[in-house]
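As structure tokens, here come the structures.
After this come two complexes, each holding subunit A, first together with subunit B and then together with subunit C.
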Partner chain A sequence: MIAFIDSRWADILFRAYQHTSLVVQSMILAAVIAVGLAVLVTTIRRLTPVANAVSAVGLTIPSFALLGLLLPVVGIGTVPSVVVVTFYAALPILRNAVVGLQGVDSTIIESARGQGMSGSAVFWRVRLPLSWPVIMTGIRVSAQMSMGVAAIAAYALGPGLGSYIYTGLTQVGGANAVNYAVVGTVGIIVLALLLDALLVLLSRFTTSRGIRA
Partner chain B sequence: MTQQTTTGAALELVDVTKSYPGQKSPAVDGLSLSVPAGETVMFVGPSGCGKTTSLKMINRLIEPTSGRLLLDGEDITTKDPTTLRRSIGYVIQGGGLMPHMTVAENVGLVPKLLNWDRGRIASRVDELLDLVGLDPRIYRDRHPRELSGGQQQRVGVARGLAADPPVILMDEPFGAVDPITRQRLQDELMSIQDELQKTIVCVTHDIDEAIKLGDRILILDEGARIAQYDTPERILAAPSEDFVADFIGSGSTLKQLSLLRVGDLELTEPQTCRIGEDVAEVTARVEAAGESSVVILDERDRPREWLFLRTLGRHAVVSEPTTELQTVVDHRSTLSDALDSMLVSSHGGAMVIERDAYIGVITYDAVTEHIRSLRVEAA
Partner chain C sequence: MRTTALSREDRLLLFGLPAVVLVVLAGWCLWRASADLGDIEARALAWDAVGQLALEHVLIVLVCAVLVVGCAVPLGILLTRARAGFLAPAVTAAANAGQAAPVIGVIVLLALAVGFGFWTAVLALTVYAFLPVLANTVAGLRGVDPAVIEAARGMGMSPFQVLRRVELPMALPVIMTGVRTALVLLVGAGAFATFIDAGGLGTLIQTGIIMFRHSILVSGALLVALLALLVEWTGRVMELFATPKGLA
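And now, the complex of A and B:
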């Protein structure tokens, strides 16, 4: 095992980098989409239950199946991986953003408007900062999940550590099969923990001291 | 601390109506009202009478269905509501502070929206925190949750005053604090208002608060129908209808006592003397004036004792009084506070001071006479 890691160290690091890069970039995209949608559905109240249903049902679709459905449409490689990871990453963020934005005390919003804040000022300077801790929690849940979903991307020849797991599975009984699978799996777990730690720090530094738990 | 004296703007509501779809009768039905510049008007009435709706229509948090609002003669019904609100202070119950912003950021909210430069905002914030009795060095960087309810309310008042708006709207400003803090905040608001002379419109359900703070009181019934709009004195002395009388409740004469300030009444001026004067001379002077008691002042005009001549006669010269005085009231004290002091006095009155200096004496007779004249005036 040690010899296996030693001989492929550079490759493992490169794939870990690719894996993280895929997850982080997809998540930034997902966060922007999810928060945007959350603003829309909390403004138009009729849409709120729709959004909650979508985020609940969406999570029940097997990622493997979704990837398979996407292959004929977007081909193989990085694009289907980004689409799938973004799709799953957006769901928990959407759900938390809806809850967070709805949880902002309406008297505070009215107080902000009463002081002469415009609609966009109320969003950027009151609603978003106040719902930020809840949204960040959604982002953390989403990050953990995306690490796993990104591994599936290997099926579509996407980047990342998923290809090690995939190689391990296809070579069952082969010399390095177990090594491939273990390095891929443990690597993803380590990355997930590191990313989570970073997000905890990020959340702390971007949340006002006045509302920190 | 420097504080420019700014006079408020006159506010006029003309036939303002608010009806909600699906409701039979309008929440506010043709309210017309004029508030003179620099006065405090209290909106009172039972729950659901439309007092808060009326208030929120002034800064257009609620858009009137019809009618016009005039601020210093200018129609504000068509003005951009966001711009309008920056020129109208807004203070709500509990302060309505932004929990994620510091005290300084909360107070500087409107100045920042008006693009003041940083230095000007910072000095304005400190000035206002001083004004509402919070030490800027201690409280500037705190967050609302680190403050008590009363302190949050003070910050809310400071925020309402921040951009020096001519009109300030207050919605149950002291409803969320304990009675002792409430009384203190009311007193502070009164002295701030003495200094700044803003036009204040304040909603309350507490008639005593309305009597204490208001230059005028607007008593509203269902649909914001005006039951009576008058000075507190006249509302107490002559309620226009049974609804008003019920709303004021019993003991309206006693309520008047907390409305009147000692300085509002005519003070009597008995003979005075200085410490160290010759008693025989003083006695002759007091007897010549046909009186039997004398107020002793010290070299800085502070009242030290109020004595009957027979007590004074024991010495050759007026000596330094040794007892602690209890029968002294400030000219800004309410009559009910003054009555407390009068009760312990054997002269049926209390000595009145202004900035520590003696200005006269207030007597029971003056108080009862004043109440009688209010009744006659109102009848």
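And now, the complex of A and C:
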């Protein structure tokens, strides 16, 4: 095992980097989409239950099935990985962003208006900062999930450590099968825990000072 | 069952889900009955072959669900008893680390360790779906108002009677939510059973990719997704019935 890791150290690091990069970039995309949608559905109240239903149903669609549905459309490689990870990453963020934005006391918004703030100033300086801790919780949930989804998406020749797991599977009986599968799986667990720790820190430093616990 | 007490989101899901599943399934059946398929597709998508795979998939999910509920609920009850409370932090830490493990990795590692086949798939998926039921059992039981438990004790109930007639009924909706989450996870992860020769609808997805036949691939993906939606809906209906009348 140690010899295996030693001889492939550069490749393992590169794949770990690819895995993280895929997850982080997809999550940034997902967060922007999800918060944008949340703003839309909390403004038009009739859409709120629809958005919640969509995020509940979306999470029930198995990632391997979504990958299968996408392959004929987008082909294999990095694109299906990005689409699948972004799709699942957006759902918990959307749900939490809706809850967070709805949780902002309407009297606070009213007093911000009363001080002469414009609509966008109210959003950037009042509603977003106040709902940020809830949104960050959603981002943490979706980060954990995205790490695993990215592993699954490697089946369609996507980037990242997931390919080590599939290599282990196809080389079953071979000398390195277990090594590949262990490095892939443990590597993803380590990355997920590291990313979660980073997000806790990020959440701490980006939360407005007035509402920090 | 009073549907008026439900939120609009619940009603959307309760009535919308089965409608979507029925329409898409009917569409797929129509396509399958009328499409002019090549030799390979026709064999892979023969009615009885697909039925057999669906049956295998459902069987894996059911066996795992019984195992998960049978192990996780008693463990959750144990962890919430005062005398076993010291165990709780260790179990929570282990469960959280386990949550970060990718399901495909768990399945492959177990298969490499104990061999391919149905029971390996069952073991891997049971481990994978354990956490939501355990977490919700603990959360549900912790959420029962201590004053209610005290009142029950004051009426002369034994600890076991309190558990069976007060705590469990009040925690049941939360536990059922965990069971529903676990069932849906199981349907999705069941698609990987085919990698370790345990069958299931994932076989169609894998065959479709290997043989480069989009019709097989999309059929498999669609059927897995429909099964997941159906299970989600069943879980929601069970949740409604599980809520004690006094709490609705």
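Here, the second predicted complex is superposed on the first by the 213 of 213 C-alpha atoms of A that agree within 3 Å, B and C clash if a C-alpha of one lies under 4 Å from a C-alpha of the other, contacts with A are read in each partner's own complex, and residues count from 1 in each chain.
The definition used in the following text is that contacts are C-beta pairs under 8 Å (C-beta built on N, C-alpha and C of every residue); 3 or more make two chains touch, one makes a residue touch a chain.
Everything quoted here is computed from the prediction, not taken from an experiment.
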First (subunit B), second (subunit C), both or neither touched by A:A192:
second
Check the residue A:L169 against both partner chains and state whether it touches subunit B (first), subunit C (second), both, or neither.
second
Which partner reaches more residues of subunit A (counting touched residues only), subunit B or subunit C
C
Could you look at A:V85 and tell me whether it touches subunit B, subunit C, both or neither (first, second, both, neither)?
neither
Should A:G210 be classified as contacting the first partner (subunit B), the second (subunit C), both, or neither?
first
Please work out whether A:M136 is in contact with subunit B alone, subunit C alone, both, or neither, and reply first, second, both or neither.
neither
For A:A181, using the defined touch cut-off, is the partner it touches subunit B, subunit C, both, or neither? Pick first, second, both or neither.
second
So, does A:A30 touch the first partner subunit B, the second partner subunit C, both, or neither?
neither
Is A:L94 contacted by the first partner subunit B, the second partner subunit C, both or neither?
neither
Determine where on subunit A the residues touched by subunit B overlap those touched by subunit C, and list them.
none
Residues of subunit A that touch subunit B when the two form their complex:
107-108, 110-118, 121, 126, 129-130, 208-211
Subunit A partner contacts - residues on subunit C that touch it in the complex
7-9, 12-13, 16-17, 97, 99-106, 108-109, 111-113, 116, 184, 187-189, 191-192, 195-196, 202, 205, 208-209, 214, 217-218, 220-222, 224-225, 228-229, 231-232
In their complex, what parts of subunit B are in touch with subunit A?
59, 61, 82-87, 90, 92, 94, 96-102, 109-110, 113, 143-145, 159, 169
Please output the residues of subunit A touching subunit C within their complex, sorted ascending.
49-50, 52-53, 56-57, 59-69, 71-72, 144, 147-148, 151-152, 155-156, 162, 165-166, 168-169, 172, 177-178, 181-182, 184-185, 188-189, 192-193, 196
